[in-house]
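First comes the structure, then the notes that go with it.
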């Protein structure tokens, strides 16, 4: 009748215990000691952890940066998600200037419909503001888009000013939507780029130099001040620095409510990947992302921020470009290197290996930051994000005994490198279920036709 | 065969969902949709929440303050706990100066053995220090006592100095024990008391004046500095002030790990209860506790601290003295008023009513701070503190539709007043189970013979 | 041959002592005990303090706000300065958009030339930015203008963005010029004004509401971050709030160097002057200045900031408009009320009365903040700002025994009200010298033809 | 009749200007351009700076640490002071436990009377507390001792507890005395020493390890909290660390008033002088002082603190012990190494060379921190600490063109090493006057009989 998952160790954001799980249809229907088989298919999870499917809060599939399109589209991107143990992603529909939000959403639906291997939702990126856009925010809620994204960077393109942030936050508060922010001071970055260029500093090494920590930490403080004036909460995407985190703590001391996301790359990589100033290697272009990689010092602070509950979600910020043919457009001019890197496939494995096994977080904290908190923050809990009776049977059976190394050659995501090449990955997805359906069995992807559904969020 | 609890809404620190629960023996054995009755007794939880039994991290039953004994002993105290929805308490065995820890523990076992209505454990209060005591800490671990309490106040009596704190923290780190601290600067309190007396300020009004916020916030900063030097974590009991919380946040910014407890009285009462300076009323003596009640401003900060995850446990600091015959010993001299107030009975109801219904915290946060976090922090998870397969069936079926007011006349705890007299209490314990046994059914205490067990903690 | 000032008590930023002073030509030539008369005119300063002439760092004479011209021009404004004990003012030449700095300076010279009763210099207000303006900054240095002013408020008018601030600070660092900033977030003020208007909140009461402390404190933090990136120092004009001061201290903790100015109005007046929300009185328009008046709490913090050396200069921000005929343009719409108030005349008297006699600062600190520090910061020391051999004989003989009350009826400045109406003023200018010339003798202005000179600063 | 000092450049805490100075008797009587000779002896100061004589706020001459007596007594110490340009020192009379303050003062007078080459005063060190001591504080004021010193370190010896600090601060506030504090947590140091010893860590390398920055920063925060409760000001001696300075700034943000002193060794030396862990050299013992030397990072912060006005005085903490025969008592046990180092002789030269010429402070700031501020803080201004008419003619004529290197071989202080061996010293004392008397002429000490006087402070 259903599927009976036997012998696994269930891990939620709070609990860890041995029990069997029965899935019927798309849902978890019971959890118990030695559940009896009543016409179910039995699948063994013996020796394995049972996690709620991962939720990646931050992807950019089939996205266009100028004339360049990301290497991964929704098909390859969501397939990589499933392979990595992520059963839900939240991608971005981003309004072009002058475009309506509806149109932006329509286009994103068109790109994603019918090709997704995992379930998916959208944040709506707002880059333009007027009364119509403001009204459209309400329409978006009705379309299941309850979170909006704004950029304090990318001047002349995505960047919005403080007045627009204020208005959007007011509107968001009114309609109970969550606003997400890319926090970097775009005006200053423009100037720093201009300085670098006028000094003939065109190599990728300068990517991190023109986006110093202070442009992030300043933007964070400014955003949180506006949120304080409006008296509302905000979500900060891809926090990269200790200084930024300290500014968040200062705002919290004043009573500002803020959700914070970071990414595996900010937890595990540092700016030495950009190489030396005089290096002629272009390898560092693989790490040209914004905000840029920081110091070991910042990594430590971010792990601490997770432990102390300041950082509650981990997105991949997957935005992949091929090293050959895409990244290399900027070989003579770092500002032309498309910003972004892949990450959706290895997010869970890295957090398990370096977070849990590395002794930095507990296994319950791993579930919280890779799945549960995301579901709660973005309005899909308890449908997603937990192992509980009545929830979607999005389940990862994680075999902790398998060892491997990350390698672009073996990856599912459709890009020619991995920023985590050579990193250890302990454990793997042995079985995986999406809404009760088997998608991976015995470490083989068996989902032949993508059946991921759009998530209408609340 | 077992008990089948049907139709309730299960609430854990993370999840909220409708499901049935089967209890067999002392444990939860399955949770599911429409579980079938297989020879079980069926009890309806329809329309009710199902919480894990409350865990009160901080009680003082049958305690002696000088020559005065608390109004509640283990029998009346644990009975009140059960009545209020608390199935576990952690009380204090406190070493007298010169006494061994073993002896202190033996005496506490003697007082509590066979008379407790709920399960119980002990913190060991250390007031004296030498190599033997240090060694005894390890013995205590073997006795199931994994947390130790020290006082930075009560000079000449319980107070230990910074050197002892350092040594105890080092030892605690070595044996993996948690040290808990009462943070007030006892030296300064002594002087402020002396000043008050020499100015003829003997009324209870001065109790709060001689223990200003700064003596708490200073002690916190000092403790956390010592913890930073030792590189270990600590637990701060009964935090009462915003300034104290801000100092904790500053220490966290430096990477210090600290657990924080507060109490319902600091969340709900303020120093206006001490009356005016010139008042002749002695009513305020009911609120003579240490630290003293603070301002509304501090209450707000503490609620915010709960929401932001800085404060993770709520203890009652139950230490009851009768108003007549005990508190009134200090009618002419506030320093003679025995410090303490009752609280174990109403802790859960107050947090539910003023926290959850007051819109300050979610119902999951309530479970986290009244039960789950305590279990995790003090080494009794997952046996206690959650609703999960395999855990002890310590279960509260909470009927949210019942309304009442707190009144000393109706209370179970054996003391002649309540500091929360007249406070609203929404909801009540409809049924309650301790290790699978029915202790309250239909709002009646049916546990006739106390069968609470000592908790051997890890 | 010269003038021998006998019997006074000389006060500098450091010293206080009795001595005679001989002035020859424009300079102080000797200071000593019982200096002998060698053909000098003797003027008694017995019973009086001898201060260096005041330096007002912040005036707007003959300024145009839209189509409205300030009530005071250079003639009346500088005459009021002299009457109040101020011998030097630094006014603002402000570039109109599209205009060259040279042209702006030329116009300001034209307005001021030959009509000033005291010596004067100019800050150059930059509102527009391009390579020519950047180059012109160097030209300005050659013209004796070594400080530049920028506005983070007044969107669409004076406001510059973060990129321009960055560029200007870099240029300023290169040419060793000091940049001064009006710190309020103009984007947010725009939105708050728009909100107020759309709610029908048009009365002057809302002036302070649309410019809350947070728009100042945010702008300060942002400015100081940009200064940190550029690694240069800045000058913050008219600091009004405690929160702003705390943010300055935080930046100082990171090593940012910043000079801070406040004004008598922020030290002595509070936002109760704006009246109640429903008040129909328009009196509060007299206090419509930007930033607006704050709380008593902020006043205390600013006085403390002076004592602790964080705030080093006091400007008047004199920018006067008549209550009748000018302020009342905004009677139906607070945004039309011209922003500004008079202050140059009473600055010294208020700081003496409320600062020194009020016990908040020492008499040496008064000299430091009203004169010496300004001279040092703005490149006119030791010519101005001290009582020392070789310095300009800009001397105020202050009779501390005279008492009066401030009243618009008696004032020299050409405006129909005083924001300090009814405030006590203890002491008065008995005699005053500008570059050795008698300008006030026996409390009478005897300077008939204005002979103030333009100060070529370094 | 007097002495006419011609052609020098006078430097005060505020002013820098060329003028002649006439000294008559013990005082400065006039300052002016081209003062005429009226029977005076003319001494040329051409090409030289004229500073007020230095004031060293912190010396320990003829002091006993256990059974060891400092290498310098009042005779050699004050002679070294004069040689280095310091005309006033404030030494310490320190009460032995059980001794009266009067007795302690009497003994110090006995040691110093008639043998001092410069003027001198005393701080009174209080190590014991009772009502008599409290009363004696008033007597001390009448004896010209207006500042008191307490130690938060040296447990069981000099250390006082928080209650005593509180009482002493209250008394000090009442009688308008300034209390000075050595801020290190002595309880913790005791434990860290004990840990080191039990690990066999006996070499001088561990001196700094057992006195980490946190024991200083904690003590500072605690002291300033007590000062906040008492609502009074305090003076912190020999600040050594950035963390300590940041804590001072935090207290200032809350409105606490505090004076801060540092020393040349904390500005110029770092903990690398203690050598490597495994080093067998005992050279580092020369730097065994408390607090210990810190990091370059701390030096930078302290210089910044001087610039921003947080640190206002520079004492030498001169407490000299010979390397051979005294320091080497601790060759096998670092806790036996007498704590202290010489410094009085080179304080002025080091601050001039590394502060002024190093571009860290202005020459006026040098005068402020080496002389003027000390005079103001400790009640001897304007008698001492400035170049002004009526002040004592304590004058240093500093020839900036002379270059030398510091070497123990050439020094006047009576100790066998210098911690600044090999440091450059630019400039030297060409002439020096103590109360109008020539003490150094043409770089030769001509004061044959010491005539330094005890300073009765107010």
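The letters A, B, C and D name the chains in turn, as written, and every chain counts its residues from 1.
Methods note: a residue touches a chain if its C-beta (ideal position, glycine included) is under 8 Å from a C-beta of that chain, and two chains touch if they have at least 3 such contacts.
If you're wondering where the values come from, they're calculated on a predicted model, not measured in any experiment.
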Quiz item: So which pair out of A-C, A-B or C-D basically repeats B-D, with more than half the contacts the same?
Solution: A-C
Practice problem: Starting from the mean Cα coordinates of subunit C and subunit D, work out the distance between those two points in Å. | Solution: 39
Practice problem: Indicate the whole-number Å distance between the mean C-alpha point of subunit B and the mean C-alpha point of subunit C. | Solution: 58
Self-check item: Distance from subunit C to subunit A - Cα centre to Cα centre, in angstrom
Solution: 52
Practice problem: Draw the chains as points, connect those that touch, then say whether the picture is a line, ring, star, complete or other. | Solution: ring
Quiz prompt | subunit C residues within the subunit D interface of the complex | solution = 10, 12-19, 22, 27, 29-33, 35, 246, 249, 252-253, 255, 257, 300, 304, 307-310, 368, 372, 382, 386, 388-391
Quiz prompt | subunit A partner contacts - residues on subunit C that touch it in the complex | solution = 155, 161-163, 166-167, 170, 185, 187-188, 190-192, 195, 212, 214-215, 217-218, 221-222, 225-226, 228-229
